[in-house]
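In the part that follows, the structures are each spelled out as structure tokens.
Heads up, the next two complexes both have chain A, just with different partners, chain B and then chain C.
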Partner chain A sequence: MQKILKRTRGGSLSDKFILVILGLIVLTYFLFVAIPIVGIFLKIEPNQVSAQLRNSAVINAIELSLFTSGSATLIAFVLAVPTGYFMATRDFHGKAILDTIMDLPILLPPAVAGIVLLYAFAPRGLLGPIFNRLGIIIPGTTIAVIIAECFVASPFLLRASKTGFERMDKDIINSAKMLSGSRLRVFFTVALPLALNAVISGTIETWARAMGEFGATLMFAGNLPGITQTMPIAIYVLLYSNPLGGVMLAIILIIISFSILIVVRLLEQKSLRIQK
Partner chain B sequence: MIQANSIAKSFSGKKIIENLSLEVKDEEILSLLGPNGCGKTTLLNIISGLMRQDRGHIYINGVLVSGVVGTRNVNVKPSDRKIGYVFQTISLFPHMHIEDNVAYGLKALHLSTQEVKKRTENLLDFVGLRDYARFYPSQLSGGQKQRVALARSLATEPQVLLLDEPVSTVDPQLREPFRLELKNYLQALKMTVIYVTHNLSEAFIMSDRIAVMGNGAIEQVGSKTEIFDKPSSSYVAKFLGINAIKGKAIKNLGEVMEIEANRIQLLASAVPDLIGRNVIVTIKPDDIFLSKSSASGFSSETSNIIEGTITELVQMRSNTQVTVDTGFIVKARLPLNLVKSESWSIGDKVYVYFSADSLNVFAENSS
Partner chain C sequence: MNKKILAVILVVIVVAAVVLGLLAYNGTFTSKSKPTLIVFAASSLTYVIANMTQSFENANNCIIRVNAASSSTLETQITQGSPCDVFMSANIKWNKALNSSGLLYQNYYTNFTKNSLCIILATGNPKNITSLADLAKPGVRIVVADPSVPVGEYANDTIYNIAATWGNSTSPEYVTSGAYVNYPTKFYANVVSYETDDENIVGDVSLNVGTADAGIVFVSDWAYASLTHETVQFLPIPSSVNTFKSYGICVPSEATQKSLAETFMNYWLSAQGQALLTEFGFGS
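Right, the complex of A and B next:
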């Protein structure tokens, strides 16, 4: 009995060796990810923070990013949540194909997203003539930034809300339909609350993706300070003229991403608790 | 009153309901009894309007709520059909307090806040859950949730009530008292009710009449005794656990007639029309007696005495089910102590007795 206990506690030599190797792998990977992220916080000293926050290029980029990502998220919400509900609750021909097309921007390389938007909205593009007639030119404007961000980021919200609505107990929705003839009331008072956690985490993901959008925006909207130069683009540009400004923007984006991850995790835990 | 006329419904080519007609009388509790997957819930969904039938008409209190008449395609919204529906999965709104669950339908009626509050309280009083008004569904037991679901479905003052296996979500040991409680509620309501269940004894406890459903259609509708004493098809007989034997009516002997089943002669009350036809004979397990001796006081003029071999003994809570092979298989239900005192075991030879008038006979092709 004692013999067995000894062996389980100590383990054989090769077991110990494997454990050490595993420990090294984990440590290497952890440092590989953590060192660059933590390291950038060391690049800027506290007294430089306020100066950078008064730098107009930095400020403009922050304001523009908040405005465009906020607008893109709002538009995505209005488009993707009802669509997600529709796709989750209805069956129709071609649903699988439509579903796949709607998911595509998630996987598209940003440069591809940029070029397809350009060919769709440029004055001589597919939809360009329509906007020309209205006197609107989209590429190179703040609207183009919002379109690019929405195009790339909204599928996250569509996917999340669709999954959320699919998980609803259909009988709960049917119970509501038996009691209330208003589709809108059933949607807002029962369906949306039931899928709320999925919709919220989808919204946050969409916003984060919109904040980080770089390639499609650069191709479709360009790099005009105050108009289309969002935080990621400004980081790239400032790297050569004002590196500390770029570092400041990077730090802000890291903090935002970190906060988002925490919020999404908390929501996931909450919805797990409710399911139990 | 609920009328379903010639209803048909298929899902991706598979027929779920086929030419089904059913009428539920005013203030009647009708059990819709059938095995899982026979289309009971589909029928409720069609009646309630949550699903559209491919063919046929639904009337509630004489008003057409769904179906095509001439060029008119009638399809009244579920919420406008005056139907209360309690779903099998209870399906309370998990994010709302109990009182808000009950008030959900009332708020759609655009009543004053005070009226909504008053009616909600009355409904919670009715199901004895006033003290739980500010609880969430997850804080209630299965039976309590089911009572809330009932109160919620009654809020809009429906004319008919559909209940889909309401006892199935209650803990097994609490089902018996909950059934009786539910029966009291239903009797107090005096409403037209369709009560869906796959449980035979539940159908007997809850309802005035029973409709046995199978293969997408109503097999038989009748009072409890009608259904049990005179099953009209071998499907119904088998579902109710009644012996069903194929045979042929040979000749009329006056009060009784002779039937041949697997080369065994049986006597049944005479039905002259059936002579010469293939028939199904049904015998309730409770009408069968077994004995080791051939002398038992049964008259061979009006009773059947057949020799057989015990092939199975299954002890139930209050009786023993004995299966005997006599050339055809019959199941008898006998008191536990009788089986014990006779010390029967599998392989024993026994005599099977049943009187001619306990047999129910109908033509085979009518089933």
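Right, the complex of A and C next:
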């Protein structure tokens, strides 16, 4: 606190007062987030951990969540990043409308998202006849989980890449296009690297949203242990029937999320520091 | 240069998750030699079904997969064509709705058991609740289910049954102390949460974090708690005001395992199935 106060060169009393308030706000916000998270770690005894880790419902949920969220993120990447580039570099009639439609999944309550997916892709849904003829049934399968997660999470990647590509220096892109005729090469060697920070943050947010998805998955894919019962659903189910298992799963979810996020953040900071 | 390394690492993490998942799911994606029976069941039936799954699977050389959710959610899923071989609902009206839409095999559905309600109490019964009248006292925190869900609908019926009998001065069962006059108003003023699942109520009250003093749940929850030697207490609700609702079972027309589904359905209708249901608190 002293260091902060000293650094304000010739700062008046009101400046220092504001810094103290700022410090208090930061502390309050930090505690608001940290206390519940730390609290759940205190709910399980160390000796109960290994027993819960051998619970098949717990193991299945972890594997399923990692697989589906990873796949959903991959698919979201392939769909949303090029679309973000397209929308950032072109102007056309109805762009605002397209923009808004593509943002909708974020605003839909998850249960509603699940219902609309059901109405669209279930055997008696809009596209049902097509899938039936191909012999494909989607609800009740792991694919349905991936679709649900991708639907609700991909808008994050779309927004992030659109912003990232919009901020590119257009002169650099134009020069690159003149030097090398290939659009594809310009995208991968010039455009993407320029927007990489935004795209990477967007990917992390997308993955996090996919990992936490619950309502849409439950409605569209169902609650089938080992097939569609992801970690959030399993936690919900276990919290009442086997509270210790639910707590264990919640803790694992926190640890996995924390690990992946911190690795990426550290690498981000490291790359920024080297650039300076 | 370093951003590229970061990006490559990110891609490696994501791909690794996908590959690990594929390896783990090798079993689930390949078609099994045993037929799979998909059962959509109301959450209140989870435990009683779990009790007979292993022996049924062995006797019929199949695999049973249970999708447990609220009966209304299950009905929506079946209506849209989600694969289901047997539908066991906590309110026969959902089976009836499917039948009206022409979605049942042989247009057949039937009642297979009943459930009624009781009161679940928080550990130690802090508000000292000994009767339904105590639930109407100010300051008691009650959890019930949303009326759109069977257990919430039945609770609501029971509350109004009480108002019409014990709370109605013209009724022969009127309780002269007046404890049940305006019962619905007083009761619902004490409700702190409308849950979407019967399990949630049991959980809310037994999680023991002080949010709820009592809840209205199924008698089957009481039976299950006794079977598993839980210490949580329950209070009965007299049959004169209690709500008995029929559970329905049926086979959707798009079931892929129709004969296995009928075997499963007949199990529940048989003496053995009925005895199991009674053991778990159903049917009374």
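Convention: the second predicted complex is superposed on the first by the 220 of 276 C-alpha atoms of A that agree within 3 Å, B and C clash if a C-alpha of one lies under 4 Å from a C-alpha of the other, contacts with A are read in each partner's own complex, and residues count from 1 in each chain.
The rule we apply is simple: a contact is a pair of C-beta atoms (placed from the backbone, for glycine too) under 8 Å apart; a residue touches a chain by one contact, two chains touch by 3 or more.
Keep in mind the model is a prediction, meaning the values are calculated, not measured.
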Item to check | When chain B and chain C are modelled together on chain A, clash or fit | outcome: fit
Checklist entry - Touch check for A:I115: first (chain B), second (chain C), both, or neither? => result second
Next on the checklist: After the superposition on A, what does A:S180 contact: first (chain B), second (chain C), both or neither?
Outcome noted: first
Item to check | chain B versus chain C as contact partner of A:Q269, first or second or both or neither | outcome: neither
Item to check | Comparison of chain B and chain C by chain A residues contacted | outcome: C
Checklist entry - Given the touch rule stated above, what does A:D169 touch, chain B (first), chain C (second), both, or neither? => result first
Checklist entry - Who does A:S56 touch here: chain B (first), chain C (second), both, or neither? => result neither
Next on the checklist: Which partner chains sit in contact with A:P193 here, chain B, chain C, both or neither? Use first/second/both/neither.
Outcome noted: both
Next on the checklist: After the superposition on A, what does A:S259 contact: first (chain B), second (chain C), both or neither?
Outcome noted: neither
Next on the checklist: After overlaying the two complexes, what is the shortest C-alpha distance between chain B and chain C, in Å?
Outcome noted: 7
Checklist entry - Touching chain B and also chain C: which chain A residues? => result 193, 274
Item to check | Partner chain A, residues of chain B touching it in the complex | outcome: 45, 48, 50, 77-80, 83-85, 87-89, 91-95, 104-105, 107-108, 149, 152-153, 155-156
Checklist outcome for this item: Note: in the complex, chain C contacts chain A through residues 2-7, 9-10, 13-18, 20-22, 24-25, 28-29, 38, 40, 46-47, 65-69, 73, 76-77, 79-84, 199-200, 202-203, 207, 254
Item to check | Residue numbers on chain A that touch chain B, as the complex places them | outcome: 169, 171-172, 174-182, 185, 189-190, 193-194, 274
Checklist entry - So in the complex, which bits of chain A are touching chain C? => result 63-64, 66-71, 73-74, 77, 115, 118-119, 122-125, 128, 137, 139-140, 142, 193, 196-197, 199-200, 203, 207, 218-219, 222-227, 237, 239-241, 243, 260, 263-264, 267-268, 270-271, 274-275
